[in-house]
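Going by the order they are written in, the chains are A, B, C and D; count residues from 1 in each one.
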Amino acid sequence: MLRYLTKRVGQTIFTLFAVTLIVFSLGRLTGDPATVLMPVEARQEDRARIMQHWGLDQPLHIQYVRYIGNVLRGEFGESLQWPGRDALELVLLRIGNTLELGLAALLFAVAVAVPIGVFSAVYKNSFIDHAGKFIALLGQSLPHFWIGIVFIWIFAVNLRWLPTSGRGTWAHLIMPAVVIGWFQVAALMRLIRSAMLEALDSEYIKLARLKGVRERVVIWKHALRNAAIVPLTYFGIMIAYLVVGSITTEVVFSWPGVGLLVVNAVTARDFPVVQAVTIVFAFVIVLANLIVDVLYGVLDPRIRFE
Amino acid sequence: MPDASVSAVDGAPTGAAAWWRRVRELPLLPIAIILVVLVIPAIFAESLAPHNPYSGNLRARLQPPAFLGGPSEFWLGTDHQGRDMLSRIIFGSRIAIAVAGAGILIGGFIGTALGLMAGYFRGVTETVVTRLVDVTLSIPAILVALVVAAAIGARFSAVVAIVALVLWAVYARQVRAESLKWAQSDFVARARVAGASHFRIIVRHILPNIANTLIVLSTLQVGFVIVFEGSLSFLGVGIPRPNPAWGLMVADGRIHVVSAWWIAFFPGLAIMLTVLSFNMLGDWLRDRLDPKLTQV
Amino acid sequence: MPTTAAVQPHSRDRDPPAEVILDVKDLRTYLFTKRALVKAVDGVSFYLRRGETLGIVGESGSGKSITALSLLRMEPKPAGRIVAGEVWFQGEDLLRKSPAEMRRIRGRRISMILQDPQTSLNPVFTIGNQLTEAFTTARQGISRARLPQVVVEVLRKVNIADPERRVSTYPHQLSGGMKQRVVGAIAISCSPDIVIADEPTTSLDLTIQAQYLRLIRQLQETSGVGIIFITHDFGIVAKMCDRVAVMYAGKIVEHGPVRAIFNHPSHPYTQALIHSVPKLEERTERLYSIPGQPPAPGEALVGCRFAKRCEFADDRCRQEYPPVFAGRSGHQEHTADCWRLEDPTWRPSLR
Amino acid sequence: MATKPSLSVERLSRHFPVTTRRWFKTTTAVVKAVDGISFTVGEGETLALVGESGCGKTTTARLILALDRPTSGVIMLGDTNVHDVTGDDYRRYREQVQAVFQDPWSSLNPRMRVREIVSEPLVVNRKRSRREIGERVAEVLAAVGLNPSHADRFPHEFSGGQRQRIALASALSSDPKLIILDEPVSSLDVSIRAQTMNLFRDLQQQFNVSYLLIVHDLAVARYMSDEVAVMYLGKIVEQARTEALFHDPLHPYTKALFAAALPGHPDVQREEIILEGEVPSPIDPPAGCPFHPRCPLKIGEICETVVPQFRPEREGHWVACHLYPEETSAPGAAEA
């Protein structure tokens, strides 16, 4: 277990370094990073200050070391769009809203996907199985940004049941959370279904039935306990998808989160904010992955007692 | 494993009847949609499109579709610049095909090659490839796209590069797992005993056995790439304006959703139908060719 | 079995008479697959007496495992269905029981040891946990406080060293032989009347197999449980069983006491099998080699199932399934389904 | 040992390092999968390597097939040392040593036609014309009892027994000196085993090829082999001509194996020797004789401390056990 954990932590750190390296090199893609990091109309002394902050006059590897130092201290520089505001501060101010949305979407996805996944495995080829397959297929084929707009047109513009956009009451949360969560329902449901099918087909389930264990206990204790471990590995990727979903969905619903911030920043060529968002997001995702891995180790005795 | 001593070839009827039966087993609806929405418009865009997709008539702005009482020349209405929606959607299919095709070819080739080597040679190659795959998959590509767009602006080549960047990892992961399995099979051991070279074993023994996986995987990835490109274009970090990318058109329609819903609706419908069809086709292929391939 | 039977096995008992505790009559379990109807178990009858060991021998696909699972109404779902037959146990037909009633019989009155110890224990629960469940499910009236002690006792019964420590381990921490002992412990936990053992030693090494077979013997001697041994290996039959039923393509083709079968195999299939297995005890010049392949699942079968591979088959064999004849040993329980036995003086001699 | 050897193995070892980390402390142990074994396979003969899982018989096969490199020791085929050769000599070695594996379902490439499978040893060594290859394929297919029309089919069209025949045809195609049979019948149905074993025996005569038979079933070893070597924990503990070994096994482990084997008839009465415990882990094998913790005939401290020497107790009957001490001289203590 300890070995497993140290390995995972090491991989996490490695991934974070890779992210900084990618962002660092992309910032220098154009050849002159100063133009990327500064507004066009920047004054000479601002220019000098930025050159100094990121060490732009130094050779590349020194620049990278300095860059890492700045990232570790949380100094991504000043926003270009909103002069005088620290990029990281802008991100941290809004990350709560994004997490709120992501969590709601996650809960929606799990609450819908687990029962459908379990029942479509238990009642394979039944109506619920076919319905589940259809939901999954649809969920993976609908672009978030489009379904969001269609929802607004139906539920906000025509039916007037829900607010069109913004954040405030729980009613504001429904549409964006469902839009983001739907895609996850599809993937999660399929995973749970196949993991459950595999578990239900195993010898240990046969043995449990031979012991005279009730079918309800066989399914929800013996099979699901094993099947639950498999989709857990997918949670890391799922969180990455939630982030992706949140970016487009926040734009569609004008949700004041990090996604909306970053898209606006891109349009305004506000590179410091963009890189702050990227690195914070990467950090959140990688951390979530780490937590999932630890959970995985705890749930699976084969790893716990490695 | 079943004792399949009876030849599958012997019993099968031949000729036109058998051919027709095989055709009828195909998932005809998805194939038809793919042809009608994607392939035919992309090939014959110039002759099919009734209007110029790039320039519009500002006096004909925000016209509803013809079937909703709009001018009869604009079947699906016009956008905020008075451009014909139908013509733009037709030309948009070319962008979808180009991005999906180029991205899958490049990413698929790199990923398959690295995955094969990782699974067959193991050791350092495998460690490096799997680490890179893990890193690539744990960074959402959309973030990379945002950074790229912020640095150099939206570009077609950047979109293809980013698609390839995600896909290589997806291919490499799947191919590594498969080739690992086959590399440990007894027939590979027998080929080595017979004196076959590493190259021959990879190309003649392992690759043919993962071909089905590659076909299924690629089909399922088309849908992903089209949605992904759409998301990037929608956010303004994908295909640059004024190209008629479907995602861009949805973005244009977003602010007009109250007054002119068709601007966002029809391009999105094109995306949905295409993606749905490819996913259905992929599921069908998976059931036929590779039932063991799990979630992709 | 067909009505022309020459022998009525259920009417006679051997000396000293022992009670028949399980009586299976004309059991048929078919698999309704997409491609074909597979008559996996096609009219099988046998019985088991208290405390005796019955071997059911057959190759893969002969229907022996599905027969065993059908007794407990555990035929593979959804393709498998028991279409006919009776399974009499303690005066009741198990095939008429409700699922809830069946559950109370499984594990408590009839239990089973599965083939593969590697996969038959649930990987996420401890050994103690899985054994405890066997007791609590069966509602043996053991108080919660006494349960741990009972679990340790049953582990000790199957010769697991240091059982107090073992209860808190997970399956992957045990060797294959140990896991199979735990599976055995679960099977005997509620002192059942019958244990069905489905090839319990095929995945074990020779010396571990010997340990396990000895354990089964010991448990049977102390508890008097009846055992049905499902196997493909005549060696296991020779070592462990009192009686044997030989299955081929869903039918029992020969049945009788072990010595009668080994000394006077009456069905050409049994004869061929016994002569095609090399012997450890003596040098074999040349093994008899059975031509052809066993029938594929779903293959349409008419007449004697073995006729295609049989040296003695004639047209009638290929067209009409034979009735039950008395076996050549003359033992009253020895029967075989072969037309050649119509002539009581017939002696099969393989080329 | 009666005929001139086709393959000889001398003091062959394969050790796998195992690293375990616990609380940042790294310990490196060695698994002695194969530990200094020597044997020869006579020309046109069959040597059976018998033992339980984990005894090293499969590792030995992999070493001889050059799928793995030994830690020390030599494998000689004729005059060539297997792990020294390169280029043409290596190719010649590949032609001369072939294999048939246990699982007929995974040992044939499902995407290749039988013709390609059978001819692979010929094609990769590029010494024959296409016509010659075609003739050879027809020849070996006929030898294993398949007809020429089968050459264009795929493996899934055949049953397990037929697949094992195809594997044998492929092994025979390059006219090898030695074929390694790794549990060739243990995954086949009982009624198919005899025809397959008989075929293997017949073709050995016809093609004058040696077999190294890896097997756990003693009765199969007796039927198929001319000589038997019994392995335990990476070492050969006893070796003799088959009939000598089965008439009078010397090593307590061999005796226990014989006792544990299932009888051929219910009336067979055997000495009851049931070994307690399980095979110890090869990571930390017992000192002295590797079998001493389970040995029912242990004679004392010597078993726990001194590794018994592998030596001929009788003419051609070798054993490594302190029950059979050297009568005279032979200085130089026991070797590992």
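Brief remarks on what is shown
Heads up, the rule we're going with is that contacts are C-beta pairs under 8 Å (C-beta built on N, C-alpha and C of every residue); 3 or more make two chains touch, one makes a residue touch a chain.
Since this is a predicted model, take the numbers as computed values, not measurements.
With centres defined by CA atoms alone, the chain at the far end from chain D is A. Ranked by C-beta contact pairs, the top interface belongs to chains A-B. Chain B and chain C, compared by their mean Cα positions, are separated by 53 Å. Centre-to-centre, using mean CA coordinates, chain C is 33 Å away from chain D. Between the CA-based centres of chain A and chain B the separation comes to 22 Å, rounded to the whole angstrom. Residue numbers of chain A whose C-beta contacts span two or more other chains: none are found.
Residues of chain B in contact with two or more other chains: 3-6.
Each of residues 61, 293-294 in chain C touches at least two other chains. Contact residues of chain C toward chain D in the complex are 59-61, 175, 177, 205-211, 214, 232-239, 258-259, 262, 272-273, 276-281, 283-284, 286-291, 293-294, 309.
If you check the complex, the residues on chain A that touch chain C are 124-125, 202-204, 206-215, 222, 225-226, 229, 299-302, 305.
Of all residues in chain B, only 1, 3-9, 185-187, 189-197, 200, 204-205, 208-209, 211 touch chain D in the complex they form.
Across the complex, chain A is touched by residues 72, 74, 78, 99, 103-108, 111-112, 114-116, 119-126, 133-134, 137-138, 170, 172-173, 183, 186 of chain C.
Every residue of chain D that touches chain B in the complex is listed here, in rising order: 65-67, 90-91, 94-95, 97-99, 101-103, 105-112, 117, 120-121, 124-125, 153, 156-160, 162, 167, 170, 174.
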